[in-house]
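One chain, chain A, appears in both complexes that follow, with chain B as partner in the first and chain C in the second.
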Partner chain A sequence: MKQPVVSRRALFTGGAAVVGVASGLAAAQAIDSDDTTGTTGPAAYAFRGEHQAGIVTPAQDRLHFAAFDVVTDSREELVELLQAWTEAAERMTAGGAAGPIGPTEGDADLPPDDTGEAIGLPASRLTLTFGFGPTLFRTPKGKDRFGIADRQPKVLRELPHFPADALDPERSGGDLCIQACADDPQVAVHAIRNLARIGFGTVAVRWSQLGFGRTSSTSTSQETPRNLFGFKDGTANLKAEEPEALADHLWVAQGDDPNAEWLVGGSYLAARRINMRIETWDRQTLQDQQDIIGRTKQTGAPLSGGEEFSEPDFAMPGRGGPIIPVDAHVRVVHPTKNDGAQILRRGYNFVDGSDDLGGLNAGLFFIAYVRDPEKQFIPMQTRMAQSDAMMEYLKFTGSALFAVPPGTRTGEHVGAALFA
Partner chain B sequence: MLNRKLAVLVPILVAGPLLASCTENTKADDSDPRSIQVVSSDDGCDVSKVEVPAGTLTFDVTNSGSKVTEFYLLAEDGLRIVGEVENIGANLNSRLTVAVPEGNYVTACKPGMKGDGIRADFAVTASDEKVEVSADEQAQIDQASANYLAYVQDQSDQLLTETTKFVNLYKAGKDDEARALYADARVHWERIEPVAESFGNLDPLMDLREADVADGDDWTGWHRIEKDLWPEEAKGYRAMTPKERKFYADDLLENTKKLDKQVDGDLSFTVDGIANGATALLEEVASGKVTGEEEIWSHTDLWDFQANVDGARVAFEGVKALLETKDPELAKTLTDRFADLQKLLDAQKTDDGFTYYDELSPAEVKQLSNAVNALAEPLSKLTGAVLARS
Partner chain C sequence: MKQPVVSRRALFTGGAAVVGVASGLAAAQAIDSDDTTGTTGPAAYAFRGEHQAGIVTPAQDRLHFAAFDVVTDSREELVELLQAWTEAAERMTAGGAAGPIGPTEGDADLPPDDTGEAIGLPASRLTLTFGFGPTLFRTPKGKDRFGIADRQPKVLRELPHFPADALDPERSGGDLCIQACADDPQVAVHAIRNLARIGFGTVAVRWSQLGFGRTSSTSTSQETPRNLFGFKDGTANLKAEEPEALADHLWVAQGDDPNAEWLVGGSYLAARRINMRIETWDRQTLQDQQDIIGRTKQTGAPLSGGEEFSEPDFAMPGRGGPIIPVDAHVRVVHPTKNDGAQILRRGYNFVDGSDDLGGLNAGLFFIAYVRDPEKQFIPMQTRMAQSDAMMEYLKFTGSALFAVPPGTRTGEHVGAALFA
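After this line comes the complex of A and B, so read on.
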């Protein structure tokens, strides 16, 4: 399928159209789309808008996610970095270079201000989504480094220990995060690499994670992809086309937290690195796998029948109990079993080579966006940890929670309201 | 860890059906004379062929109705079940593969899973494909079930005896002796763990690892005491008071008694339950023991490892005679792989038991892990193989 293309070269030579700035949802406009046949969306997404891009934006195919520690105590330096990141992000999401000069256009006696691996590559629908971790507001020892502790949202705190958590501290937490999503892995990696480089001295990368395949669809225009268990994942996801559900479950609203009005129009991002016990899973019979998930492997239909998007009938009896088993994943995490809580999932499959025993070091880098982690994500994760049959094949190795500020408006930098 | 394979304790039904493979799959090829399409609606049962040659038949069953349906192939008497598929939701399909000798049969769809179903005659004619039904099969199944039940009951008895000794030593503050007995007592637990898991709450109460405790939940059982006996690597650990010791020790013993009572009660095993138990035990090894995650304070993982393998081998040997009539090649592979793994475990035996996990080299762990995978992969086919109609 051919995508409309915004080339970096075109941008440098002044040939690119203006990036369409659309507010809300996934309505960023296509640019330079001389080929409109068979397209699934615009070639590039506007960086600025009412909400940050990369949340309800139709999930791109690749991910590079990075968490940072802020290594300075200077508020001024931190704000300067957010300004520099904003400028670089705006350029790169439009298909341009990280710096104002470019990878090969500058002084031959200086290192280029863009690392160059994305020369000639299109914008690839890159989105860069920024978040603030609890430790940005207060260090673990309670220190308010940047004078923003009184603006820390009440629910922005370290996630509790869940059963089956075997967290690696070096893959967890972080003062800041950047989620880079693109249809080309090289473009996503290029973005994180250059942003990390701009940040040296102010921030240091704490951990980062590559994801090679999306595992959820955030728009009805997308097919539901498969996770590494081989099943369609996130069928019952929040979707861009459901504005009322997004208002209820995704975006922080006025009055949600009087201390954190700066977050209105933003959201919370829960990240969980979930290792799958791939080899053990592969030895389960097809029927057992389907009973664990509660859906058929082939079409993703609930075991109670129908098609992928048919509502599961949890009361439907089968031989020896309900036809969708009581500990089936689809039942345990379903909104009707979680006080109506819905989440927007935006996870990615990952394979980080093999472990010491020759097993795949692989799984799902789970990302969920929610309006209130304490009402949505934490109860759901707790329920899952306690009663989901799938837990036996999972091991949680990383965990983090971030507050994702609203979109960046013209003339502002990322998180401007927080530092106003 | 909780294990899903709770089929271990299904009330025995061996006189009835041997479940055939029930899978959703692509459509069967209708030009194949042994391939039959079945469409089950809420008030109909459309079977595409009413006469087929003997051999391995495939029924591709689609539910076009609104209720959950089942499909049965019954013997001429309309009672004995030759093969069945259950739990087919609306608009889904499932497949029954079963070897059927010449004779008269009855097909039945059962929308709503109630009543006699919608029945029709079905004829299987003589063909070149030989289908033999072993006369000894029932005897082999009965023998396997009885033997395995006796094994489980014996292990449970020994577990109760050793646990009683262990908790008394622990409560009396005889820590060296308690430490020496810890792994040996747990062996009896690890050999029959999937059985304990099938009693719902007992497994988490008795064998939960600290990493699997939810914030705010109580942590009880073997590993709670393990940490108290081996506190060296536990940062900032506060030793239990005698009163606390008594609480956790009595609690463990109480649950062990409950387990023993359940095991001595009205318990029986199906042949697939036994086979699933073997698979589940190897999974325990792969996910907990070979990684050293089970005994993080005492590092006695290899005792558990051996006990899981013992339990799996006993289960396998119980159904081996049956397997040899159905898939002799798999029987041989499994026999060989069990022996290979045992050889590696034997190499780690010491006067007291086994090498402690933290003293194993990465290469030794890898070798053990490779042997576990080599066994677990063919073992995952055991249940399907013993259930297959020969």
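After this line comes the complex of A and C, so read on.
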């Protein structure tokens, strides 16, 4: 039986008509999903809302992150892609296919509008979070390709060079980004792969990064996971259950930047690919490791005592100095040492094969969401690069900054206010 | 409270004394595990047995595979490492730490004997499967470093060059390999990372590969998963529940090779890193995709009809030729077209960042276990390279062959019979 066909081209221009229309298969997946394991929360997250999902959403276990270059100078093509991406993202996060027809239901003489590797898989709490890089507004040579240069946020610019940066340009920057988080990596990869497919001819993948295990909790309902140093990470993270702190430190507010009122309710995403010298780390004593972090390895409690969520006592004396050393990570990045700056972390462990020294190419793909990178992320990163004992074991190999627009309202596409 | 200390060096020489002694924490993990999701089977698999685990074991969802070069010429050091690996593998597969002390329980003035990132995680059905490459027996220049050249199996030699091979030497070969499969990637990565740590100074990681999603079922209890072409893969795979077929096609038997009686009950592992041209594939019509594979995309049934496990009817006529085309993948690799040869597949999907063409560096990390690579794998791979329509969408970027010794008996180490 042949079903009605919507071509790829129609997808780009069909607009609101197909929004929310998932195939029967897809709808069933979203409703019948019994995927209640992994992380906390419902089986699927709504794509539309006040803020984009995938920021304060309880951090899912797996990540596929992709940065894209826009390969056209046509504003119309870019906006059409954002419309198409919005429709596909809404379907996929609901457990459906990338296109309105699905991987096998269409005309056999056309390419399917979904690639099929997620057939039968539930929504897996997929979130898709979109961001705009500085080069979308103005190319490195200063060209305003899409007529949006006057809307570029003042603080959306390439991150400065920090000590220990050994950045690979092929793992840095990008005009656009998409963060896909899910309980099932096949679902996250399927989403990025199909969004790249839909964007063929308009965007090209600049770099992409898989993360196999989350290293942050973004909700008080989650246990704090461990990074590849074996320590609990991000204990002092902003959490979804702290609306006042989120308003202060996470969400861009009215008046923050007169150029960028379109970003109100959004945030900034700083991505840093951090290679960890794990072979060297593994040869340090337990005490040295704990002194470098400033917490115990077993429970994550500050070295000054208590349990994981106890406030560190930075004045408590130890042998020959404070018990939490002056260069301990927990001290250097603590809000009290950074003018009260807090960030929302959403990091993931990665292993990308081996390195040239007979070890693993492994580390942390660090993602931070902040209201103002210049007041929060950059000073903290600078302080860390200058005085954090952990730096000896880190090499920064990728870096990017994106403006993450607010949530997408019904009938609108991602970033609609920017292009209005 | 200080606990008794076993140094890293003691681990290498302590031998049988610590075998099976997991920490209290570890034992609790193995017993209390409520990790019953993911794949089928018990919460943990025994490391010791007639055959190595991780071959016919129901394929777990995640893979970390590593190949190592031995960097010493000392037979004694190599055997000590195999002993240490055996002890660590037995502990970790039971849900314990890599060392007898654990990540945080030892003397704080020593490096921990476990790196800690798996604290609190269950065994996650971890299996660790060890293999020996041809260069362990004889270096490329012919040197017999370890006095085992006369025990090299006749068929354990570098795989021949196949058409479409574009091998990266840094993703090929190796003196030793370890395949870590688990439900949780953090557990698989933790195992490989700790085995590499234990081997520091004796071995160096040559290459390593993460796989995020299994593409094979090795048991009739499992559903057939999908590869990145969106198709069910490995339907006609050998299965754990077919002991006669396994005896014929999987396990090395007495008399197979007089040089290699130590390998009886073992197998050969062929690893092939296969990049898939997914962007090109995605632009083919559904019919063309199905004709290339020879199965339907929705159910995996042969194009000749029936359901997934129906036998293909290669004679059934279609339009202008058989309905399963002469160059369809299912036909080219089918046992009836390969002198009855069957293989046990254990493949995994991978995405390793992006490629130079604006797409994803993605594909299938193919693992096959066979009784005789020269009768089973090499002819099938040759036939496929010569006449399989799917080859247009594949590029082979890594390749290796290993002899996988039989299971490890109580009191022995991996490969004990080889070094006896």
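Keep this in mind: the second predicted complex is superposed on the first by the 381 of 420 C-alpha atoms of A that agree within 3 Å, B and C clash if a C-alpha of one lies under 4 Å from a C-alpha of the other, contacts with A are read in each partner's own complex, and residues count from 1 in each chain.
Basically, contacts are C-beta pairs under 8 Å (C-beta built on N, C-alpha and C of every residue); 3 or more make two chains touch, one makes a residue touch a chain.
Source: prediction; values computed, not measured.
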Partner chain(s) touched by A:E279 [first = chain B, second = chain C, both, neither] = both
Partner chain(s) touched by A:E392 [first = chain B, second = chain C, both, neither] = first
After superposition on the shared chain, which partner residues are touched by A:A164: those of chain B (first), chain C (second), both, or neither?
-> first
Using the superposition on chain A described above, determine whether A:G99 touches chain B (first), chain C (second), both, or neither.
-> neither
Quick one: chain B or chain C, who's touching more of chain A?
-> C
With the two complexes superposed on chain A, say which partner A:G133 touches: chain B (first), chain C (second), both, or neither.
-> neither
Which partner does A:G294 contact after superposing on A: first (chain B), second (chain C), both, neither?
-> neither
Applying the touch criterion given at the start, work out whether A:N227 contacts chain B, chain C, both or neither, answering first, second, both or neither.
-> second
Can A:S354 be said to touch chain B (first), chain C (second), both, or neither?
-> second
For chain A, what residues appear in both contact lists, the one with chain B and the one with chain C?
-> 279, 283-287, 290, 296-298, 357-359
Spell out the residues on chain A that touch chain B in their complex, using ranges where they run on.
-> 160-166, 277, 279-280, 283-288, 290-292, 296-298, 301-307, 310, 316-319, 323, 327, 356-359, 382, 385-386, 389, 391-392
Touching chain A in the complex: which residues of chain B?
-> 1-5, 22-25, 63, 66, 68, 70, 86-87, 89-92, 113, 211-215, 279, 283, 286-287, 290-291, 293, 362, 365-366, 369-370, 373, 376-377, 379-380, 383-384
Within the complex, which stretch of chain C touches chain A?
-> 37, 62, 64, 66, 69, 71, 103-104, 106-112, 114-120, 171, 184-186, 189, 192-193, 196-197, 200, 203-210, 212-213, 223, 226-231, 278-279, 282-287, 289-290, 296-298, 349, 351-354, 357-360, 362
